[in-house]
């Protein structure tokens, strides 16, 4: 993994020595967000269906979802650089893209501070903006360190409603990483990934706070209905109105807005009589 | 006559599909791109897109469409039922189970996905056949197929529960079926394999016609039923198994196209089989072409296109026939 | 020749009929009579190679039937079962043409000629251009009859043995076509040397056309011989459980007629 990354950085630095790329395609929402944060959004000629922030990203031609993108769609945009998440695929499509001589830089998608820094560095170097990238990484690191200095120590549950049923986040999920950074303790640490939430288990875990996303609240039919859902109603969190609702991409994007996301999350978790629930 | 018309249609469609896509290549440039050596930079890009992405894909659509459809036709005759298709005897669900197991049990890389899917489809079909042998007649084979499909489905569900987010997405992608990622290496095997086995299936036209009369009648006409059934099922599994492994589950083509050709041509398998082979190739090429071009520069999953077109078309044919 | 000696037949291990001995002679029509459930169709299915003989011997050209491949059997025996069906719309000529499947050596031209002849013999030439599934039950029956005629006439050299097994071929036919069918069968038996076994319910039709009759009742053979010899009031009573009188045919004094009186 380390050696792969160093190769990526090597390739990226080679790219930086040549003229900076002017036609960039991004495969993965977090990368798109970094590109815009580096003020290089005008160089993007296309992105994928997961690129929803900033809103300008949704106006660009989209080459499909980054895990099932169209090779031809990318090629048709005549890119001189493709920035791809390491989750982009299918693998055959990535291989074809490289075969066609398109310059591809692959960056880690992980929900860790290290991966975020590598993403920012990688994108910045590939775009010929290594100094801006360095500055951004330094800012993020400094702000996150300040925020993590005071752990929340709340027993928290993250739930999300994607398909009509509540799913809880266990370890190795982005939501778990966010809770950890905020210093909260994930009550579902015994499970891995997103799994359907058992109402009984949720009651017995008795979380002090529930974290969820704006889309999940909408999918549940509003906050009142959400609070009445089995597994939510009856928990100390619901009784005390300690429910933190955050924008999906802000909470789970793990991009340059990480400090802002952490600040909002901590504010919600630490509020004595939370305003977010009202 | 119809066969020649269909072949011409397929050729024309293949040309259009080769020229048309997210990267627009003029039709008249095709021969030059394939033959000339002094290409401009633009032409070099066209040629790469054509040779490395589009042609393998068009070829895979033809091979998979033909294979899925000709086996669908044989299955409908074997079961004497217009709703039969290769999936009935566990080929697709077994393949899906194999692929899902490979993804979730974390086979290194995605290399094992194709062999696992192939092994899964053959194993499910073999199990189905073994269980179906216990009693005479086709109904026990059919019931064994239903049970195997349910069991495979539930194990897939179990794997889905265990899977992490990234694995889930690979699963969904595989389950929807796709012709993207076709390579010449893959086709060098799939093409001759599918063609050779399809030709063996075409030779069974007399047996399939005899089965239309009934199983007793087929036996009276000199066909040994059990060896015949085994032969047909083995051929179908050997054709469809690798296709499912290569493209994922592409539904509806093997069900609708035989029905359409039968409506226009009658059920004489001597003509029905070769015509469905070509018509299936046309149907899937058309579906893949549409999948590639309707939402440029993105693509639709091919399974959605085949069902979206096939479903209403099927209904239209049915209502028209009643009227 | 198809020959059964002391044959015992049945389904799923349950014997239905015992002690049947018969030989299907070239040029002869053997009629099989019996009440419902007497085992007529089981006998036919056994002779057709669908069911294994439970005991006794069943041979074709002195070779046990069970040891012959279906393809070899099909070259010297055609079978017309009851209630024919067709899963999909096969053209009428293709249905009739399936009869030639055991004979791949038949050329396309010969096949066309053969199909024409079989359709004429079954009085079904005018049905050739119709859709099979649009035909009536009796018309479909005649098409199926033409199919088995194709099979027993295909690629036949003089002296070749061909057996024809018919299970109630007249069931859905009108009186004229019942008559025509049996007349055709009798004529083919005479002219082409076919060996025919036919299951019938109409005693008088059987008496008129068959050379030999086999009467079944109570799981065994009640009588076996020429119609005049076996069609007696006593035999009718044991086969059908009905009183009957045997009278002279009003038109042809040499023939007998059975009148059931209750």
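Order as written gives the chain letters A, B and C; numbering starts at 1 within each chain.
As a working rule, a residue touches a chain if its C-beta (ideal position, glycine included) is under 8 Å from a C-beta of that chain, and two chains touch if they have at least 3 such contacts.
Because the structure is a prediction, the values reported are computed rather than measured.
Greatest centre-to-centre distance from subunit C is found for A, with centres as Cα means. Taking the mean of each chain's C-alpha atoms, the chain closest to the overall C-alpha centroid is B.
Centres computed as Cα averages put subunit A at a distance of 38 Å from subunit B. The centroid of the Cα atoms in subunit A and the matching centroid in subunit C are 79 Å apart.
If you average the Cα atoms of subunit B and of subunit C, the two centres end up 45 Å apart. Taken in their complex, subunit B has these residues touching subunit C: 76-77, 80-82, 206, 209-214, 216-217, 219-224, 262, 266-268.
Interface residues of subunit C facing subunit B in the complex, by the touch rule stated above, are 45, 48-50, 69-75, 77-79, 81, 84-91, 94-95, 98-99, 101-102, 147, 151.
Partner subunit B is touched in their complex by these residues of subunit A: 46, 49, 61-65, 67-77, 87, 89-93, 96, 99-101, 172-173, 192-195. Residue ranges on subunit B touching subunit A, taken from their complex, read 21-24, 45, 48-49, 52-54, 109-110, 161, 163-166, 169-170, 173, 178, 180-181, 183, 292, 296-299, 301.
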